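Two complexes follow with subunit A in common, the first pairing it with subunit B and the second with subunit C.
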Partner chain A sequence: MKLTARSLIATALAAAIVSTGVAAEDVKVGALMGITGPLANFIPPILNAAKLAEADVNAGGGILGGGKFTLVVSDGQAAAQPSVDAASKLVNLENVAAIMGGLSSGATVAAANAVSIPNKVLQLSPTATTPVMTDMEDDDYVFRIVPSDNYQGRVLAKIVLDEGIKKVAVAYVNNDYGVGIAGTFKAAYESMGGTVAAYEKHEDKKNSYRGELATMAGSGAEALVVIAYAGGSGAKIVKQSLENGFFDRFIGTDGLRDDILIEQVGADALATSFFSAPTSPADNPIAGPFHERFDKAYGEGSDKPFVDQSYDATMLIALAIEKAGSTDRTAIRDALREVSNAPGEIIQPGEWNKAVKLIAAGTDINYEGVSGQHEFDAAGDVSGYIGKFIVKGDTYEQIGIFE
Partner chain B sequence: MMEFINFYLIPGITLGSIYALGAVGVSMIFGILRFAHFAHGDLMTTGAYIALMLVWVLGVSPLVAMPIAMAGTAIVALLLDRLFYRPLRELPTIYTVIASFGVALILRSLIQVLWGTEAHVYSPGFQKPLIFFDSLRIASRHIQIISTTLAIAVALHFFLKHSRLGRSMRAVSDDPELARIAGIRTERVIAFTWITGACLAAMAGIFVGLDTDVHTNLGWNMLLPMFAAALLGGIGKPMGAIAGGLIIGIAEELVSYPVLGVSLLSPSYKSAVAFIIMLVLLIFRPQGLFKGRLLQ
Partner chain C sequence: MTADGLFFYFVAFMTMGGIYAILCLALNMQWGFGGLFNAGIAGFYAVGAYTGAILTSARSASHVGGFDLPIVVGLIVAGILSGLVGWAIARICVRLKADYLAMASIGIAEIIRLIVVNEEWLTNGSLGIAGIPRPLEKLFNGREAELVFVVFVWILVAVTYLVAQRLRVSPWGRVMRAIRDNDVAAASIGKDIQRFQTETFIVGAVFMGIAGALSAHYFKFFSPDATEPLLVTFLTWVMLIAGGSGNNRGAIAGALIIWAIWSLTEMLTNQLPTEWATRSAYIRMLLIGLFLQFVLQRFRSGLVPEKPPELRPR
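On to the complex of A and B.
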């Protein structure tokens, strides 16, 4: 009798072990986003894109043997300290397997240094562009799928000179994003023969920039390069420049290319202005069907900035988790390059189920997304595409692409 | 010289006026209820968003919407007092201070739920400033902001000096025990403090929206300069708060003025100015310019 009881327990235990071995595991991934703050206007479509990836995984059979894949959204206000708090909440309270985000460079770098790297959590940013991230001591836990501003700064310098503008003033915001891109732009522009007549950094969130602008207007520059978030200081700078006649032509980066700029100053006033921003490859056959699917699910927004990148980043994290076979954070980090880089069977957006089968069969896969090929180098960076945009109607239109 | 007035002094006075309107409420609440009201910035935001809703729904200008927004904000403030602050009134004030911090987060989150997190403007496009004497440039909205603040300052002065309620408020601020014994109805004074503070906060919020844009962190971002202004003027001294607000606003803008081609301070450190002034003041004249109460 005694023996039977013992063997019963043993059998039950064994069964329990076996069943946990095959049972589906639910997986939580953090989405660190600046829901409030200077990037608030960008967020709704970006969040929808991440949700679409989440839905694709669950509709395609789930993750880790049929488990539910859940995005936990956390607001980092696109600022350093709130992002550290938000990331810390994701890692320590929600116990997420990896983090998708942050959006702004300052938020991403701060969260990575204070939370992701010490806790050994993979962090993949869909949008952070600062050159700082390339040389960061990150133990390979920090990745991004947009090209570094080293690249955008150089391309922008070329675009400006191609427009025949030889002398500019630069107003940049005092954070990782502004300082990084302004520095690379200035160096490249001057080395190509342009003159930076005024070069002034400013603080976000102030109400008046007229003083600085008046000084810069006196420098004789033909146009003002604004490297700032439209919702933070960018739109105010453009508006106050126009009101007071300081500048009438503006050159912006991805932070300024926000619909709120057009809403605030009107499209007519921006007729001669142009913008640079990371973009998706021009002739990517994946993009059309993906955008149709996106608009069908959410009504609109597939043309908004960073929708493609947000979907791809979420999908890459899901694939890396599936490849790792567990929520072991270091294994996920190691799996990311395996699922994203060539060689391997090509996986496209919406092919989650196919990817799961290939991974189960031990086949190497290579995700190619809406926003590019995503071949990570040793620093966790990708090469990519920069588009040139102008204002058309009440939105932006891409008129050129640089690889 | 005109550049100094147009692009440094006038924006400075505008910013100072906004700080002043917010700081009056902070100073009065500090004086009468004896706690630092951290939700005051978010009351500003509330006012700005009520006005935004009226602009959207009725298509009126934000200045027309202002009285209704002020009334709405006053009701919100009275409700907050009834629900959160009054039950804590007998406890040490630190409870109320922390509660106000929580109220600030609640208000902001509610605004985000109701109106979304995107920034908005009352009216799109930009307006060229008015030009006087061929050289003085001033935007009409800045004239509105500055003149309204001046009118408020004058009205507030006469109200506190000559009206019965105003004198009661000063009495409660100076010595609440004595005021109570003298038969002043403290709860009525408190209610009126909230109404005045909230109305001026709503006004300040709408002015920020008018000058730049309306977003959910609008008031929170201005909270610290407003506290600095209230301290500078002297706690419990509304006229001091107005002076303090103007001084801080103007100082923030003027420090980046280039004298002989060199800025006193890089514009990116503007925000530090309020705190430098506040620290210097606390060390050398802790009762504030207008001899307010000492912080204990």
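On to the complex of A and C.
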């Protein structure tokens, strides 16, 4: 009896020690960014968004019982060799719990294959759209929160057919963006009964595309699908088509859906044209307040590409770590789907404190971010939303949304 | 920072460093021994990488092949094809004086890059080739696989070094140095300058191709952005010049030292306040430039200068 009492006390003491002894653990997460190199211009707002997520976690009471959540920023120069080196430093020297990043596809895949997968570290890219990542043998350590290029191509094919356009010409830029979307668009469009009358790739940043356009105009297509960046070749192609009377109706992807296009060709000329772009869910009430908060913190930039995704990716990693309850890298991987996928109590940006309490109470949570709901499938991909846009006045208006 | 973290960083460092060491030894054969200014290293690297990738990857609908051949076969064919490209270029360009050869080789590297980006049936264009295997992948996984690969890379560095050393002390190497230092004098004693220069260009190209194939196996994925001239051609030149052109050990030392600076300066700039995150990356580039200035000013002929081999008595 005495013994039992003593052991009871000992157990109680031990429990007390354990419960107070769960010292707050500081957590480091790597941000693999292409700070120098070809994507340099995009980086400041993307990095600010990740920093905002970091600040939200710390302001909301910290991570793993009040620990400090720190982003370790690393420069992968948006190319394979330096990204592998940068990821290796993050994982081995900084001992990060997970990696947010890889921006360009080549850098992301190389860093994942050479570092994240062998070292069993979760890598979540906010921007890499290459179809390669879907089929990668990654032991489930590699995720992304943008739809694969395949996805936008397929949805665009459906949008075009819904408009009653049965015959198109496709002009696409010769890089992974253009080739990826154009290929899946063509396959999906033809399988649904459309005809691709002409299919031409072009190099970015030339002065004249009249030669290619004249060939395509002779094909009898009803409209021209332009898969290119407005600031690169896209706006020039539209302008030269109009000037020479090759085409008067255009269909563009998110690269073309840029204010530069309206500035250069005018809204009237684009009256019958329409565009597709990844978008937030139609009734997403999260985006507005988030963008206001972002602009208040950093002055500007909330409308820049991949700001939403960068915030969401950082937040999802933080939630997965909190859910895992430690910096065990495999546990974090396993927790990611639990915090991001339905079902569960919905958590929105800025609700870190609420999320922590729910996780502590053992409630399942489901993060719904600025850029979408992020339901990861078995390959670590998300489906996301593609919006249909038309030109109205001097800006774009979303008139439809497709899943 | 933990002990095994440090160790596996070292493993990753030596893997990339080893690949650069092979590139650097190969350039040393062309420039250090032969005085041939090859500014198109990225071209040979790409030929090797894509050859290795296409031959060893599993069958794919998006590009020619893959043929699922053993990695050793891939490496050998990568070397041979890169050497053949080297032969073709040497036939056309090797008679040109140094600066013209540099221009011609830049042009050819650019042609190869455009082929790689545009011939989708061959290389899958800008989407790249995925699913490239690594040696003994089935037997090891995770961090063990990293160890296996670094050993594999350094076996090839050793082979490259032995070949380069043997060439250096051979009569052929002496002729090459004579041609480099005074081609008219070498011609006057009956040496066929063009033949020797073609040979040295081919040998260098073979090893550049092998280095390319190794990179493809390391990344298990290869797309055109990994053939960026800044990261391949320029960096290899910097390594050779800083290490000591003409000296094989200097070439390896230069590769490791420059790669260390490239890699480790980030740790310095990471100490800067976080608001500086975007700026620190540029400060790092500045530091690398400053170090190079220092080496080039202080050690004119590189950290490990060339020593002509002693004649061996018969």
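Just so we're on the same page, the second predicted complex is superposed on the first by the 236 of 403 C-alpha atoms of A that agree within 3 Å, B and C clash if a C-alpha of one lies under 4 Å from a C-alpha of the other, contacts with A are read in each partner's own complex, and residues count from 1 in each chain.
The definition used in the following text is that contacts are C-beta pairs under 8 Å (C-beta built on N, C-alpha and C of every residue); 3 or more make two chains touch, one makes a residue touch a chain.
This one's a predicted model, so the numbers in the text were calculated from it and none came from an experiment.
After overlaying the two complexes on the shared chain, residue contacts for A:I35 are found with subunit B and with subunit C alike.
In the superposed model, C is the one of subunit B and subunit C that contacts more residues of subunit A. By the touch criterion stated above, A:A114 is placed in contact with subunit C alone, subunit B being left untouched.
In the superposition on chain A, A:S208 contacts subunit B only, with no contact to subunit C. When the two complexes are overlaid on their common chain A, residue A:A271 makes contact with neither subunit B nor subunit C.
In the superposed model, A:A24 lies in contact with neither subunit B nor subunit C. Judged by the touch definition given at the top, the superposed model places A:N174 against both subunit B and subunit C. Of the two partner chains, subunit C is the only one that A:T130 touches; subunit B does not reach it. In the overlay built on the shared chain, the residue A:S74 is in contact with subunit C alone; subunit B does not reach it.
Legend: residue contacts after superposition of the two complexes on their common chain; A:N92 is shown touching subunit C, with no touch to subunit B. Of the residues of subunit A, those at positions 35-36, 43-44, 77, 174, 201 touch subunit B in one of the two structures and subunit C in the other. Subunit C makes touch with subunit A in their complex at residues 1-2, 5-9, 12-13, 15-16, 117-118, 120, 125-128, 130-131, 141-143, 145-146, 215, 218-226, 228, 231, 262-263, 266-267, 270, 274, 277-278, 280-282, 284-285.
Residues 35-36, 43-44, 47, 51, 71-75, 77-82, 84-86, 88-89, 91-95, 104-107, 109-110, 113-115, 118-120, 130-132, 135-137, 174-176, 179-180, 201 of subunit A are the ones that touch subunit C when the two sit in their complex.
For subunit A in complex with subunit B, the residues that touch the partner chain are 35-37, 40-41, 43-44, 77, 174, 200-203, 205-215, 231, 235-236, 239, 242-245, 260, 263-266, 269.
Subunit B meets subunit A in the complex at residues 3, 6-8, 11-12, 14-15, 18, 108, 112, 116-121, 124-129, 137, 139, 208, 211-213, 215-217, 221, 252-253, 256-258, 263, 266-271.
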